[in-house]
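By written order: A, B, C, D, E and F. Residues from 1 in each chain.
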Amino acid sequence: MRNDGRESNQTRPVLITAHYIKHAEGSVLIEVGDTKVICTASVEERVPPFMKGQGKGWVTAEYSMLPRATQVRNQREAAKGKLGGRTMEIQRLIGRALRSVVNLQALGERSITLDCDVIQADGGTRTTSITGAFVAMAFAIDKLCKDKKLPKYPINDFLGSVSVGVVGDTACLDLNYEEDSRAKVDMNVVMTGTGKFVEVQGTGEDAPFSRRELDELLELAESGIQSMIRQQEAVLGPDISARIRSGSSAGNRE
Amino acid sequence: MRNDGRESNQTRPVLITAHYIKHAEGSVLIEVGDTKVICTASVEERVPPFMKGQGKGWVTAEYSMLPRATQVRNQREAAKGKLGGRTMEIQRLIGRALRSVVNLQALGERSITLDCDVIQADGGTRTTSITGAFVAMAFAIDKLCKDKKLPKYPINDFLGSVSVGVVGDTACLDLNYEEDSRAKVDMNVVMTGTGKFVEVQGTGEDAPFSRRELDELLELAESGIQSMIRQQEAVLGPDISARIRSGSSAGNRE
Amino acid sequence: MRNDGRESNQTRPVLITAHYIKHAEGSVLIEVGDTKVICTASVEERVPPFMKGQGKGWVTAEYSMLPRATQVRNQREAAKGKLGGRTMEIQRLIGRALRSVVNLQALGERSITLDCDVIQADGGTRTTSITGAFVAMAFAIDKLCKDKKLPKYPINDFLGSVSVGVVGDTACLDLNYEEDSRAKVDMNVVMTGTGKFVEVQGTGEDAPFSRRELDELLELAESGIQSMIRQQEAVLGPDISARIRSGSSAGNRE
Amino acid sequence: MRNDGRESNQTRPVLITAHYIKHAEGSVLIEVGDTKVICTASVEERVPPFMKGQGKGWVTAEYSMLPRATQVRNQREAAKGKLGGRTMEIQRLIGRALRSVVNLQALGERSITLDCDVIQADGGTRTTSITGAFVAMAFAIDKLCKDKKLPKYPINDFLGSVSVGVVGDTACLDLNYEEDSRAKVDMNVVMTGTGKFVEVQGTGEDAPFSRRELDELLELAESGIQSMIRQQEAVLGPDISARIRSGSSAGNRE
Amino acid sequence: MRNDGRESNQTRPVLITAHYIKHAEGSVLIEVGDTKVICTASVEERVPPFMKGQGKGWVTAEYSMLPRATQVRNQREAAKGKLGGRTMEIQRLIGRALRSVVNLQALGERSITLDCDVIQADGGTRTTSITGAFVAMAFAIDKLCKDKKLPKYPINDFLGSVSVGVVGDTACLDLNYEEDSRAKVDMNVVMTGTGKFVEVQGTGEDAPFSRRELDELLELAESGIQSMIRQQEAVLGPDISARIRSGSSAGNRE
Amino acid sequence: MRNDGRESNQTRPVLITAHYIKHAEGSVLIEVGDTKVICTASVEERVPPFMKGQGKGWVTAEYSMLPRATQVRNQREAAKGKLGGRTMEIQRLIGRALRSVVNLQALGERSITLDCDVIQADGGTRTTSITGAFVAMAFAIDKLCKDKKLPKYPINDFLGSVSVGVVGDTACLDLNYEEDSRAKVDMNVVMTGTGKFVEVQGTGEDAPFSRRELDELLELAESGIQSMIRQQEAVLGPDISARIRSGSSAGNRE
C-alpha cells in the first residue's frame, strides 16, 4: 500500500480544466493529484530563424515552476539570470515529445509555443506538463482549423506521459514527490494513443536496474498513459478526438 | 458609462481565495475582474546580509507574469537572462508598501518573501498584487503566531491599493487594460486602513495634469482602497482582522 | 534651521554650465549644492525598432553614478553585469518626464538619448538629472533647428523637478543627502513651466502620510520647480526660451 | 552494409591513450572512430556546499566541444555567456552515470570533476565521454589509493556506454554522425560491467517506436557496451581491473 | 607640423585639478588637451579574497568612458551587461602599472581602487588615466599618512605615461584622436621618475616596425613622461613629492 | 643553467603536427615543450557586420584553456558566463598579430577564425598560439587557393612569437611556467619573417627595467622567433613557404 493509499498500478486523480487562461489560443489547468500545471498554447505566424523558408511549422515548449510551487521556496531563474540544467532538459523533452505527433508540414509556416507553468508541485511535473500541453495544443489547432488556416489536420496521434519507478522493491505507477525522492529507479515514459514509444528515460543513479525491472516498468507506464489519454479525450470532446484518431489511422505523418 | 458597464467610481468584482497553494505559509488567488494573481508568502528564518545582526526582520516581494498572461505572449525574463525595468520597479514598490505596515522589530530576525505571479492580466496587476500579498502575508504571520514565534503582533494596519486614471475626460477608478491603454493620466495609490498614504505614483506622460485632477483622483482612490480592505477583512476573518485593527489603534509602529 | 543653514522653503544654489562636453549635440554640467551631474543629449537619425515607420521620434534617458560619487564606493553596474532596480526606475522616470514636453511627431523619425552621469552625489540626483537633461535636450534641438532639420519646433513647455520631504516634522524643499536619509516621507515632483504635474511620486515607507502633509509638500515642490525653470531660462537664453514658451501657449502638443 | 563498411552490430575502432594530460590526477584521450575526447579527472579535497558535513564525496562532470570539433564551426558557449541546453543535459547525464558506480561514502569528503572536452566529433560524443571518463576516474582513484587516502576502494563496477538507433529500417550499434542525422530512433544506453542498466534514453522524435524495436536496440547496446568495457580493462591493467571487479562482486554499494 | 600646431616632440597642455570629488580619499580631474579624466582613489580596509592573510595591501583600477565622451555615442557596458575586451585590457594595465611603484607590504592589509572615468576623449585616455591615477593615489596615501595608519611610506617612485606613434613617416609624442586613428605604429609607455620602464606596449597592426623606429619612439616617450611627472610634482606639492623621491632613492621596494 | 637544462638563449623543443582536426580548413597541434595548443582555422564566406560591403576580409582569433590544462583546475569561462580579462587580452593580441601579415583586400569578403585551445599549459601559451595559428591559417588559405577562390595570394610574411624575460638576473628565451612565475620582467614579442616587430609587450610589474635590459630581451626574442619560423617552413613545405616569402619580397601589403 502506498503512502496515499493507492495500489502500485494506480494513477492519482486527474482533472483537466479547459480554457483556463482567456488570452491564449489554447489552455488548460491540469491537476494530477496535488501537482498543478497551467499549460497555454500560443500561436505565432512566424517560425524561428533556423526554420525559415521551409514551408514547415514549429512546436516548442517552455517550463517553469513558481518559486513556491515546492515545499521550500526556490529562487526564480529570472532573478538568477539563467535557466538551470533541469529546466532546459525538461523543456527540450516536452517540445520534442509534442513534435513527434505533429505533422509540421501540415501546420504551415507558423509556430506553437507551449508554456507549462507549475503552480504546485508534488511529483511528475514534467509528465503532467506533457499530458496537459497536448490538450492545450489540440485546442489551439482546433482554433486554427475553425479560422480556416489549415488545409490538412496536423495532429497524428494522441500523446500522454507518466512517471514510473521502483520504490522499495515495488514497481509503482505515477510517483508522488515523497515516492520519487525514495525511488531507486526513476523512469519517464511518453507514448502515443496507438501505443508506440516517443520517449523512454530511465535512470538508476542510486541502483542500476535489471532488464526484468525495465520490462515491468514499461508495462505499468503503458497502462497509465492510456488512462491519461482517456482523460484528454473527455476534455477535448468527440469531434476533436475523432480528428486526432483518424490522423493516426490515416498515417498522415510527415 | 465604461466599456464594461461600470460607473466611474466602481471597482471590478473582487474575489480572494485563501490558502490557494498548499506548500506556502500563506497564499491567496486574488481576482479583480479578469486580472488574476497568485500571491504566496514564504517565511525563512534568516534575513538578507545587509540586515544581519540587527534583531529585525525583512519583508520583500517578487513579481512576475506568466508569458501568456497577456494578449500577446511575452518572452520569459528567465529566458532573456535578466529582469526588465518594469518588473524591478513593481517588485520594489510591492516590498516597500508592505514594509510600511509591518513592525520589523516585532517580526524578529526572519524574512517574508511575497511572490506575486500574474496568471492572467487585465490592468491593475501591481495594485492587485499589493492587495493580495497583504492577505497572504497576514496568513503567514498568523501561522507564526500560532507557532508561538512572535512575542508581539507585527502588523500595524491594513493595506490596500488601486489604480485610478483620467480616461477621456473622466476620472475613473480601477482601470482595466483597455482603459489603461487609453488613459492620459495614470495613478497607483497605496493606502492604509486608517486612511493614510503609503505610495502615490501619478504620471502624465501623455498629458500633464492639473492640481484639481490630482485631487479628484486621490478621492476616487481612497474609496476604492477602503472597498478592497473590506474584502481583505472578509477573507482573513474576524480574529486576524481584529488584531490588525488593534495594531493600528495601538500605534505599535516600529 | 536646516543642517546647511537653509530655510525649509529654500533650494540649494543651482549652477548650470552650458556646452560642457564638446562632442555632444547638447550638454550641461548641472550643480545643485554638492550634487553634480553631466547631462549630454545625443541625436541619432534613427528610432528604436518598436517606433519604426511611424514618422515619430523618440526621447530616452540613461542614468548612472560614478563609483565614487557617493560617500562609500559603489560597485560599477558594468562590473556586476546588470543594471540595478534603482537605476532602471530612475532612467525610466527621466525619459518619461522629458517625453511629456516633446511633440514626438514634430521631432521626426530620430531619437535623442539623454545621458545623466552623476559625478558627485548629495541628494536629489534624479530630480537634478531631469532639470539638467531638459537643458541639454533644448540645446540639441536648437542645433537641429539651426541645421534646418525640424519644420516645427518640438518642445511644448519647460520642465523642472525637485525633491521634497518631511524631515523631523517639517516639510522641506530640495533635500540634501543627510536630510533624505532621515526623511519620513520622500517625494519627487516633475512639473511644467505652466504649472502642470508630469510626475508625482511620494513614498512613506517609514511613515504613512496624511492628505494635509501631501498638500503641503506639493506646494513647496511647485515653488522650487519654478525657481529651477528660471535657471534653465537664464542658461538657454532669450531666443530658445521664447520658442519654448510660445510652444506651451500655442498648445502644440502632439 | 553501413556507410563506413561496418556490420549493424559492430562498433567503430576504439583507442584509449592513458595519462594524456600531465597535470590531471587521471586522464585519457579516447577515440571511437573519428570521435575524439580528452577526459581528465581532477581531485579536490572539498565538496560542493550542498554536500558539506555529510562525510561523503561527490563526482561531477563537465562537457564541452571545441568550436571546430564539428563540420561547421560552433560559437563558444563562453562567448555566448551561457551553457546551452544540450550541454547541460549531457553533463548532468555523465555525472549521474559515473556516480552510479561510486561509493561516495568510501570516497570521503572530496570531489572528482570529470572534464570531457570533445576535440573532434563524429557521433556518440556523450557515450564516448562516459566510457573515457570512467577510465580517467579510475586512474585518479588509483592515485588516491597509492597516496593512502582511501580506507576502502570506492568503485563498484565497470561502466560503459554506446549509442544505438534505427537507421533506415535497421537497428545499428554505435552510430556515426552521418547515421545519427538520419536515424528515426536514437538511444543512448549506459550499463555496468555486470550487465545492469544505469541510463536508458530513447527518443523517437521523427518516428515513435514499437516495443519490439526497443528490445532489439537494448540487445545491441548490451553487446557494444561489454566490448567497450574490455577496452577499459586493457588500458587500466589487471590490478585496477581486479579491484573494480571485486568491488562489484562484494556488493560494496553505498 | 601636426594638425593642432604642435612639434612632433611636444605634448598637449596638461592641467591637473586636485581634490575634484569631495567624497574620495584622493581625486583629480586631469586634462591632456581635450582628453579629460576623473580619477578617484578609494581606500578600503580589506583586500580581495586571493590576498587575504598575507599582511599586504592591494592596488587595482577600473576604467570607463561616459557614453558621449566620444564623437559617436557608445552603448554603456552596464547596459550591455559585460565589460568589453578593450576596457578589461586597459584597467588591467592601469592597476599593474600603479602596483609597480607601491610597496604593498608597507601599505598594510588594505586596498586602493583607482576609478578612471573618461568624461571627454581625444586620444591617450589610458596613458592620461595612469598619470592622473598616480596623483589621486598619492593624495589618498597622504591621507592615510596623516591618519597615522602607515608606519612606512609606501610609494617608491613617480609614475607617468604617454602614447607615442608613427604618423605618416614621423614619430610623434602624445597622439590626439585624429593622429591615433591614422598612426601606423602605436605605442603606450609607462615609466618611473627614475627613468625605468614599467610597461612598453607597441603594436604595428597596420605596418610592422623596425628596431630603429622602436628606438626613436622610446626616446620620445621618455621625454614626454618626464614632463608629465613635473606636472604631478607641481600639483602634489613639495612635501609629498619629496617623500616619493626619497622612496625611490632609498630603494624601499618590497 | 635553467631548471630544464637549457641555455638562456635556447627555446624548448618545438613540434608541429599538421592537419590535426579533420573538419577544419586548416589545423595543427603545436607543442613547445609541455605547452600544447590545438589551432584550427575556420573559413566563413561572410564578414562581421562592421566590415560588410568593404570588399575586404577579416581575420580574428579566440583563445581558451581546457579546465585542467593547468596544475590546478580552472573553472570554465562558459560556466562563469563570461570571458575573463586575460582571455580577452590574449585573443585580441592573436587576432591583431595575424592580421598584420594578411592583405585583407586580397582575402576577399570572407573571414578566417583562428581557435587556439590550450590542452596543456607550461608557459608561453599566447606566443605558442600565435606561432601555431599562423600555420593553421596558411593551410586554410592554401585550401582557398586550391579552390581557386583567391585571385591574389594574401599572406605578406611569416609570423612567429616567443616570450622572453629576466629570471633572477638573467635574460632568458622562451620561459616555461616555473620561470615565468619567478620572472621580474616578462615580455612577449611578435615578429615577421623579415625581422620587423608586430607586437612588443613588456611588463615590469615586480621590477621596472632599464633600457639595456630591454635591448637584451629584444635580441633574444629575435633569434627565438626566427627559429620558430624555420619550424613553420618545415611543416608548411616548400611550395607554401615560397609563396609567403615572395609575398614579403613583393611588398604586397594592403
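One rule holds in what follows: a contact is a pair of C-beta atoms (placed from the backbone, for glycine too) under 8 Å apart; a residue touches a chain by one contact, two chains touch by 3 or more.
Listed by chain with UniProt protein names: A, B, C, D, E, F = Ribonuclease PH.
The structure presented is a predicted model; accordingly, all values stated were derived computationally and were not measured.
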Remotest chain, subunit B as reference, centres from CA atoms: F
Same or different contact residues where subunit C meets its copy subunit B, judged by the half mark: same
Duplicate of the A-B contact set - from E-F, C-E or B-C, the pair where over half of the pairs recur: C-E
Whole-Å separation of chain centres (CA-atom averages), subunit B against subunit D: 52
CA centroid of subunit C to CA centroid of subunit D, Å: 61
Subunit D, residues touching no fewer than two other chains: 81-83
Sequence of chains encountered when the ring is traversed from subunit A in the direction of subunit D: A, D, F, E, C, B
Footprint of subunit B on subunit A - complex, ascending: 21-24, 27, 34, 38, 40, 42, 44, 62, 64, 66-71, 73, 76-83, 87, 113, 115, 117, 119-120
Subunit B contact footprint on subunit C (complex, rising order): 82-86, 88-89, 91-92, 96, 99-100, 157, 187, 191-192, 196-211, 214, 218, 253
